[in-house]
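Please go over the structures that come below.
Two complexes come next, and they have one chain in common, chain A, joined by chain B in the first and chain C in the second.
== the complex of A and B ==
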């Protein structure tokens, strides 16, 4: 079926007359010499290259991503066209065949993503590859001023298996078919609905889901939105324990320099397939390292919660932000997550600014109590010619089954020159037994403080070329980007990245 | 343009092959892994569970979903069958995390059955890839996979319980019809040689996976040595005691598990 559609599309595209065409793209080359801490093998020389190539001609476009990974260990190596796409698009219609990104509603049923520039590596496979979760199949969309219709038949990528994983079919175990319709009633209101059918590869069963969408903007500074998704056999709006459903809603308001937002979630039995849906987590995503890696990972098997945030910007440019997050899990035991976050930004003058934060969290899923994090960041510029950023962060927490508390330290000092050149040092330390313990010596729990010290530098040659260098030890751990959480591995050695646009 | 189109077409015509992995009804691949609380040299193997129904929970010690779902494997599965000597439950960490992380996992989930470490390669044998987690699997007494979860453990634990019940029922039916199999018993054997100087071997038999302690006491009741302190597999076990530096005399050795204690004496002659 897929072959037939694709061939028909090619015939149609072949008849299409081209007038204006362009080829453009980007390339990332990353070289590493080093190792992961606690790995028994010697230092490795690895090279990873990612080429993204685009060809546009009027309404027609082609896209391909080629990835290559080379190490001395042959079974980890690959050279693969990991994404390919043909697209036709005009003012009211588009069709995509191949690999593409698409989200149904607000991601309760289906969400795909790309973390641009990221290179993922798993401690077991030790193969490096681009981190994305796309869909492979076909997508058709039609739209005008008052209605938008999209239909998808595709297989989401199960991206924990690398491109060289065999068989290929194990990388895309789920098949989803979805139809979504959004109606723009007027400038203030849009309503929508979606239907999705899921076929896991391990069974012949089909699971069906529905979704209702609402977006209201009664005034320009007030927005209400929500989505309610459910499995077909669930009691509509029943919210029963045995049902599979997901409810997400939010309210945004701003007036002058003041803004506020409030969000609510209620998810139950809503881990779909191999995890191809990503409902909004409603946990503030921090960029501060000590907080980013302490994040709460959404548990869609059962989670309710709220997130509330207010901010105010003063005339001089100072800002204050306050955020409160609450999440309750009750899959088989009750667990609570609470977080209070305060952030202040103070502008001294055009050349000097300070930022600081305070964060308090109680995290049952990690058995962490009284997790307190603080940070101070100073940004100093000298006539915009050169400047430096000093970033100091500290975190302390307790786990009742461990005898000693855990402390995390982060410090960095970065110098920059004319926005083209920057160089800095990053220092981290921890007393966390889960990080100080050597996984090779199971009988012993090592508790000595662990340190990471690394230096990095980057130079932008021009708008098309940039080089980044890292030397030393880099701390890994959980990381979240745009609501997507994954594990980053520690690294010790030298890393060189060369980015090109053309 | 034509070449690019043709290349894309060829790529789409590539047909994927089937997933290579162990299926229900096939022989369960063997494994031998260290466990939480034990040393690298003291491992629990699948082979040592021969003749028993084995439940396996594949988890990642740092996996948030596994932490949420782990309690159901303890309360609904392990607690249901733990008193049946023909049943064994094992957790296998497929994220290959350290003992401290696994200790945290044990605390947050309340799991009391043995947790085996460094088991990602076992996951590959059973599921054909290292990216799976939060899965239940059951191996029958015949050594064949009788249940292989394709969903999270919170979604199929009732099916797992039903499958284990069926597999245990097969054993009792088989025992009734054959009536020859002697159940393994808890036993402490006399050390050999006895008297000894300076080494002797103490052997014993366990009827189920147990937290085991084997201690040596002198005639005054003072503890002289602890030879074993950890989780051990059912079946025959032995340990050698080197009594160098210990004075001659009568010594008591005591074998204790969670609910049973046996003692014997031995004579050291120098």
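== the complex of A and C ==
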């Protein structure tokens, strides 16, 4: 009923638009026919729809997200208004009530996010829903040229639980109250501080935290950022084993076509609540499939490390990127993570370019040694009318407890016509015993190479409408987007997505 | 009823009216808060959503920088909005500068503006007119598509 009233209100407001007010939004409809591999029902049909509606009028705006999931299995279905917001904003003041996103500093104390367009499903609940972590409550902000003050009282979403999860309170178990102040001392320096307390639903006690922030641009091409967050009973800058603290600092530099960044982290006992904070992991974010799913997941209970990255762009447009990452953690045992990454992009002419990468990693948390990944990507265009992209990637690694090494293969060939139409094939294979084994046969341990083959196509009708189709088998695994990592499930079948913007 | 509602919503999208950009505020590369009004162009504003980890973005940015220089005198302002999260923020400035990116870059750390403008992938490029209406939307980038974008700007300027 509430949802119906909300939609009716938005439609009413839409019919009363004037030159300074408008209703607009976007919609995603996704249909699947198929299932996860190794499931008995290969013909499961599911539909997911996500509607985002906005209404803006001068300084006032309304927002709502409606999600719906339909399957033949009734308990997985839902139709819910999963986000709603009213906001007032002018040149010096802003207030938001409802669902909103807010991050304090670099996320050491509090981090919320949205990954627009993403649809998440986990292997246990088997319900699909939008992947975001928002805050529900109130946020008030005041700002001028030299100071910003922000106050928040809200409950972060624990997004492991889907919208139909009961009880509702389990989706937002933590209450957070925070105050953040940033002062812009001059054009080169800003300092800030934050106070936050949170109250997990299963206790009556508040846990209190503070943080200090510093941003300096000593010269136009050098920048330093530092943030130190700590629990109120920790020894300030003591860095004792029993203390809860997080220290992050980053330095970046550029000169002409050269750029470099260096970051340091030291986190201890700093997983807050159900994980509503997200300190920078200082791990290179890869989009190459074999590397993306090999990412290191930060251990906020105890981890120190550094990350250094350099870039250079040549006059002809060629670029090189080099990254070195080192992380050590010690929760029950001492573990190390090391990664060296090199990437080159070479432009032959307007119609042909190549990319290649090399990556070496030693990954104790995943028990992987000598993990070597390489890739080669060629992008060829014929008079900008049509073209193709060939993407080949290979990865090899060893695990102590396995006799044979693991190899992962990835290949894709995508043809595109102008900017509207593309179609391609994706092939993947692995000899990883953790993936080749069929979980339905307890007595047998399958080691035959496992394959995935799928085809996809997309067509953009106009600025507002786009359709994507996938047919075949898709490999799942960990994936990272915008610094957020989550698990994607394998899929076998047909998937159709229709995206609308209006 | 629910299916019907979904269908209405889906088909309702076919009635196209250009959405508008409501003034938003984001931090720039020097940690100063900047509003859309501050970077808006006299004739048109071109907003490019990108990220340091996005490979097609790296291909498109030098072309956009060329266009930014070309259309500067026509009152067309280019703005980059990086959707990198806190994990990659330290890399945005040196990365952008090494690519020769000279126009303003704002940081949409929570992807909030991205979601509000209906952007679902990077790179995505929007052209906005003086009345803040989104008059062009381009998703993705392949070499050569800068020609289409440039032609669109010329067409809009000629109108």
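Operating definition for what follows: the second predicted complex is superposed on the first by the 477 of 502 C-alpha atoms of A that agree within 3 Å, B and C clash if a C-alpha of one lies under 4 Å from a C-alpha of the other, contacts with A are read in each partner's own complex, and residues count from 1 in each chain.
In this text, a residue touches a chain if its C-beta (ideal position, glycine included) is under 8 Å from a C-beta of that chain, and two chains touch if they have at least 3 such contacts.
None of these values were measured; they are calculated from a predicted model.
With chain A as the common reference for superposition, the partners chain B and chain C occupy compatible, non-clashing space. After overlaying the two complexes on the shared chain, residue contacts for A:500 are found with chain C alone; chain B is out of touch. In the superposition on chain A, contact is made by A:401 with chain B only, not with chain C. Judged by the touch definition given at the top, the superposed model places A:68 against chain C, while chain B stays out of reach. In the overlay built on the shared chain, the residue A:445 is in contact with chain B alone; chain C does not reach it. When both complexes are overlaid on chain A, the residue A:419 reaches chain C alone and has no touch with chain B. Using CA centres, the angle subtended at chain A by chain B and chain C is 170 degrees, rounded to a multiple of 10.
By the document's definition of touching, of the two partners only chain B reaches A:160; chain C does not. By the touch criterion defined above, A:354 reaches neither chain B nor chain C.
In the superposition on chain A, contact of A:86 is made with chain B only, not with chain C.
Chain A is touched at more residues by one of its partners, and among chain B and chain C that partner is C. Of all Cα pairs linking chain B with chain C in the superposition, the shortest spans 16 Å. Residues common to the contacts of chain A with chain B and with chain C across the two structures: 7. On the side of chain A, the complex with chain C involves touching residues 7, 22, 24-29, 47, 49, 51-52, 54, 56, 61, 63, 68, 70, 79, 89, 94, 100-103, 105-107, 111-117, 143, 148, 184, 187, 190, 215, 217, 221, 223, 225, 250-254, 257-261, 263, 278-283, 285-287, 309, 311-313, 317, 319, 345, 350-351, 353, 355, 379, 381, 383-384, 387, 416, 418-419, 460, 462-466, 482-484, 498-502. Per the touch definition, chain C reaches chain A in the complex via residues 2-3, 5-6, 9-10, 12-17, 19-20, 22-23, 25, 29-33, 51-55, 58-59, 62, 83-91, 93-100, 109-112, 114-116, 118-121, 134, 136-140, 142-145, 147-148. Residues 4-5, 7-9, 11-14, 16-20, 34, 36, 38-40, 62, 64-65, 67-69, 71-72, 75, 96-101, 103-104, 107-108, 110, 117-118, 120, 128-131, 150, 152, 154-155 of chain B touch chain A in their complex. On the side of chain A, the complex with chain B involves touching residues 2-3, 6-7, 10, 13-14, 55, 62, 64, 81, 84, 86, 98, 122-125, 158, 160-161, 165-170, 173, 200-203, 269, 271, 297, 299, 301-302, 329, 331-333, 335, 365-367, 399, 401, 433-434, 436-439, 441-445, 478, 487.
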